[in-house]
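Consider the two complexes below, in which subunit A is the common component and subunit B and subunit C are the respective partners.
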Partner chain A sequence: MAAEKAEMDALKKECDGLRAQIEAARKAVNDGSMTAAASGVASVGRVQLKLRKTLKGHLAKIYAMHWSADSRQMVSASQDGKLLIWDCFTGNKLIRTPSGLKTPDLCLCPLPVIVSCLWDLETGKQKVIFTNHIGDCMSLALSPDMSTFISGACDSLAKLWDVREGSCKQTFSGHTSDINAISFFQSGNAIITGSDDCQCKMYDLRADQEVICYQDSSLNAGVTSLAVSSSGRLIFAGYDDFNCHIWDSLKGEKVGVLSGHDNRVSCTGVPDDGMGVCTGSWDSFLKLWN
Partner chain B sequence: MTINTLAKGGCHREQMACFRKVRLLDHVLFGCIYLFLLLWCSTESLHLGNMLVKYGYIYPLKEPRCLVLRPDESPYRFQTPYFWTSTRWPASELDYAIYLAKKNIRKQGELMEYEKERYSLLHKRINHTWDFVVMQAREQLRASKQRRKADRIVLECQEQAYWLINRPPPGVNNVLDTGLERPNSFSCRVTLVSDFIIEACRKALGRNRVKSSICLEGFLKYSEQYLNHDPIMQGCLPSNPWISDDTAHWTMNAEIVPVPTRLRVERWSFSFMELLNDAMGRREFMTYLEKEFSAENLYFWQACEDVRHGESSKIVEKVEDIYKNFLAPGAARWVNIDSKTMDKTLEGIKRPHRFVMDDAQMHIYFLMKKDSYPRYLKSDLYKNMLAKAIVPQETKKSVFPFMRRQRHSSPSPAQTATQAAEEEGLAKGAGANSAAGSHF
Partner chain C sequence: MSNNSAANSSLVLAQKAVKQLRLEASVRRIKVSQAAAELKNFCLQNAHKDPLLTGVPSSDNPFRPPKSCVLL
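Coming up: the complex of A and B.
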């Protein structure tokens, strides 16, 4: 018994030692801050986007939305059990619940348990299961080159995975509560996470650490969803306070707000061509802004 | 189908007596078990039933700790597959800790003696993740409160039955025991978990980290480079379809057009991936490579992409085609890959899968990126394309979604004409508005 305990203690010591070394290595390369780097960049001033369209059709809370690759159609999912496909230009609903959809061969989905699964859409089988998170995995995002993906979970960690190997390559900590939203920047080198601790954090994959935190003392609501403009300059973060706040990613300042929803903003998305941003809410409406 | 109907129809009624009281849950899988059981003779069925109870596939409702199949009226229930003992998902220390934590909270500390002991032992051993244990326990309790009472009770019974098998009380034989080591103690499993974590930490320590100043500079550069290509920041020409209800922009930027827009051709010079991701860019690049007699590289790359992203059923035939056209000695479009990669690829082709061409594809990709791509950007072909590219006329003044003063960035040539006109407008309205106010 005593021998076992001694072994346990030794292992724990080794773990802690290694973790401390990793932190030290990260600190060693942390030789600049975003504020310093972006000091020469002009501010964007106040960003005021106008509401262009409101899409009505769902009967209950909207939980998720996703733009199609053509930047014109999008799909939204709601608690009423329906998936609606919209043409955002005309505002028409194209399809109700998928039938005959063209989808990519493989796609990733977060399960409300501890793992993420890769499903083969053709065969309907689970191809790879990625286990590592201790808390529910709440959000996923695929990298622009589609070789890796990131996941955010209720254990307040964000992890980077290799699709092919199925292994966790990097882990990012820093949040103090569940991570609800996660997204890649188009450059593929940085990710942004939004959490119940009311903060958004940007992590750089090459520096292997957090580079900037987007927080404001006046914001007391958790972040539910994130989207990034195509240049990466603007971050659209949906909060529990019914608004979507806009952050200047370089200056770290709040530069605007999209208000108009009557309930929590549950999902945001910017299409591939970057035309604008779509917000979906528990009030069952989708709004398009730019 | 229920056991009762089976019993009515079959002539094995006597042999099935011990199962008459087994209740059915909606699991289609159990249909197979019924069929299987029908084939056993009477003595074996009782023994088999006992085994099923011992290993937790059926559990008693009345005396949960007595894991024996009684040939009387006592009720039993099939265990849900989620709680079947499985080597793929062995019961971990973490799971047991969460279960005990839940029970502790629910019963307000009234655990059995041995459970109390194990709870405090676990608390010591996996102290570093104890927050998560408590958090998980609370979450699961909260989730279960939202269920119907009947469902909640069933779930509690199932879970209790699972843990009676996987962590039997002291004095009871652990049926999952294998070998002389008797892994009834925690240490074995916890060691495995720790080893795994240590290995992951070592790998993480060894990774290459780039200085954050360089990363940030890279981020800044990207952001500035793409500023003019970001419709939310800079608007887009001729107009943003969402605002003007005019689809001209989409038409002009369709996948294949007679003449591409200037912004689009500019993007091809930002990175090699930008060029390859654009169908027209690829076509132009292909034309250039044909002139240089190295077009097979791009054909090869495209074929590999097709394997990576295409249908699973076609992978084998596609890989065969690639071998025939690009890799086989004397192939029509033989690609120049280093021998190490070639050997590895040829070996992999014997068992083709989606990612079998990855190494070779990467090699050719970097070859093109370092060699052909920079030369293409300096070539007349590209320069002419850039010169020919159209700059759409702005259709409306109110295209720009919001005002901004770009003092430091250099606007793309497309914007200068409209920029000048806008600055005039700004100057006129300067008196009324503050510096970055909007006039919408």
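Coming up: the complex of A and C.
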């Protein structure tokens, strides 16, 4: 017993030492900030997008949506147990399927669908299970080159994973509550997170740390979802206050808002062609804006 | 593991934690100033191709078909 306790103490001491080492290494490269780098960049001004369509069809809260690679079709999932596939150009429903999925996030990609394990669609078997988060994993996103993915969890951490090896490569802290939303920046070098602590953050993967925080004292609602415009300049963040607020990713300023939902915005998405943004809500509607 | 005593599994977890932290500590990091500059440049270089920044012309808006006039 004593030997085991001694070993535990030694391991704990080593953990503490390694954590301190990581913080010191991050501090050593922390020679600037995003706001400093963007100080000479022109402001985007007020971003005013119009509501183009409201998609009605779900009978209960919508909790996830995902654009197809064709930037025209979109799938939405609701607590009514249905997955609906929409043609967003016409507003028509294409397919309705009953769904037994209870996932908080849908991720459609040519590779196996990532839930919190990697499934082989052909065999229907779990290929790799990613276990590292202490809390429930609430959000996932695949990197543009599909070699890594990021997860955000109730333990307030974001983690970067290697898809093939199933190993966690980096861990990002800073949020003080559940991370509900996570997305890659288009270049693949940064990630953006949204949390119940009412903040969004951008972490650069190569600097291994937070580079900017998106917060506003007037915003007291948790972030539920987020999506990034195709250049990376605009972040669309859905909040519990029924709105989707628009942030200038470089300057950290709020530059617009999408208002219209009658309940919490639960999901947002920008299609690959960047032509608009879709918001889904607990009010059972999806709205298309551009 | 045939004998899963609490102490045993705590030890295994602690060993895994150390291994994971060693991996994360070995990451090669670039300077924040360089990272931020590159992110900024990416945004600026792609701004002209971002419809949500440049605006979507109503004649060409996929989510809003143009109103058509029928000439008799």
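The criterion applied here is as follows: the second predicted complex is superposed on the first by the 265 of 290 C-alpha atoms of A that agree within 3 Å, B and C clash if a C-alpha of one lies under 4 Å from a C-alpha of the other, contacts with A are read in each partner's own complex, and residues count from 1 in each chain.
One rule holds in what follows: a contact is a pair of C-beta atoms (placed from the backbone, for glycine too) under 8 Å apart; a residue touches a chain by one contact, two chains touch by 3 or more.
Everything numeric here is computed off the predicted structure, so don't read it as measured data.
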Superposed partners subunit B and subunit C on subunit A - clash or fit: clash
Touched partner set for A:272, first subunit B, second subunit C, both or neither: neither
Which of subunit B and subunit C A:209 touches, first, second, both or neither: both
Partner chain in contact with A:46 - subunit B first, subunit C second, else both or neither: first
Touched partner set for A:262, first subunit B, second subunit C, both or neither: neither
First (subunit B), second (subunit C), both or neither touched by A:164: first
Partner chain(s) touched by A:80 [first = subunit B, second = subunit C, both, neither]: neither
First (subunit B), second (subunit C), both or neither touched by A:253: neither
Selected from 94-102, 166-174 or 184-192: the stretch of subunit B that, after superposition, runs into subunit C: 184-192
Set of subunit A residues, in rising order, touched by both subunit B and subunit C: 4, 7-8, 11-12, 14-15, 18-19, 21-22, 25-26, 28-34, 36-38, 41, 44, 47, 49, 52-53, 72, 88-89, 168, 170-171, 185-187, 189-190, 204, 206-209, 211, 229-234, 249-250, 270, 273-277, 288, 290
Subunit A residues touching subunit B - in the complex, by the definition given at the top: 4, 7-8, 11-12, 14-15, 18-19, 21-22, 25-26, 28-34, 36-38, 40-42, 44-50, 52-53, 72, 88-89, 104-105, 120, 122-123, 134-136, 145-146, 154-155, 164, 168, 170-171, 185-187, 189-190, 204, 206-209, 211, 229-234, 249-250, 270, 273-277, 288, 290
Subunit A partner contacts - residues on subunit B that touch it in the complex: 94, 125, 128-129, 132, 135-136, 139, 185, 187, 190-191, 194-195, 197-198, 200-202, 204-205, 207, 209-220, 222-227, 229-233, 236, 240-243, 245, 247, 250, 253, 273, 309-313, 355, 358, 401-409, 435-438, 440
Of all residues in subunit C, those that touch subunit A in their complex: 7, 10-11, 14-15, 17-18, 20-25, 27, 29-40, 42-44, 46-47, 49-53, 56, 61-65
Subunit A residues touching subunit C - in the complex, by the definition given at the top: 1, 4, 7-8, 11-12, 14-15, 18-19, 21-22, 25-26, 28-34, 36-38, 41, 44, 47, 49, 52-53, 71-72, 88-89, 132, 167-171, 185-187, 189-190, 202, 204, 206-209, 211, 229-234, 249-250, 270, 273-277, 288, 290
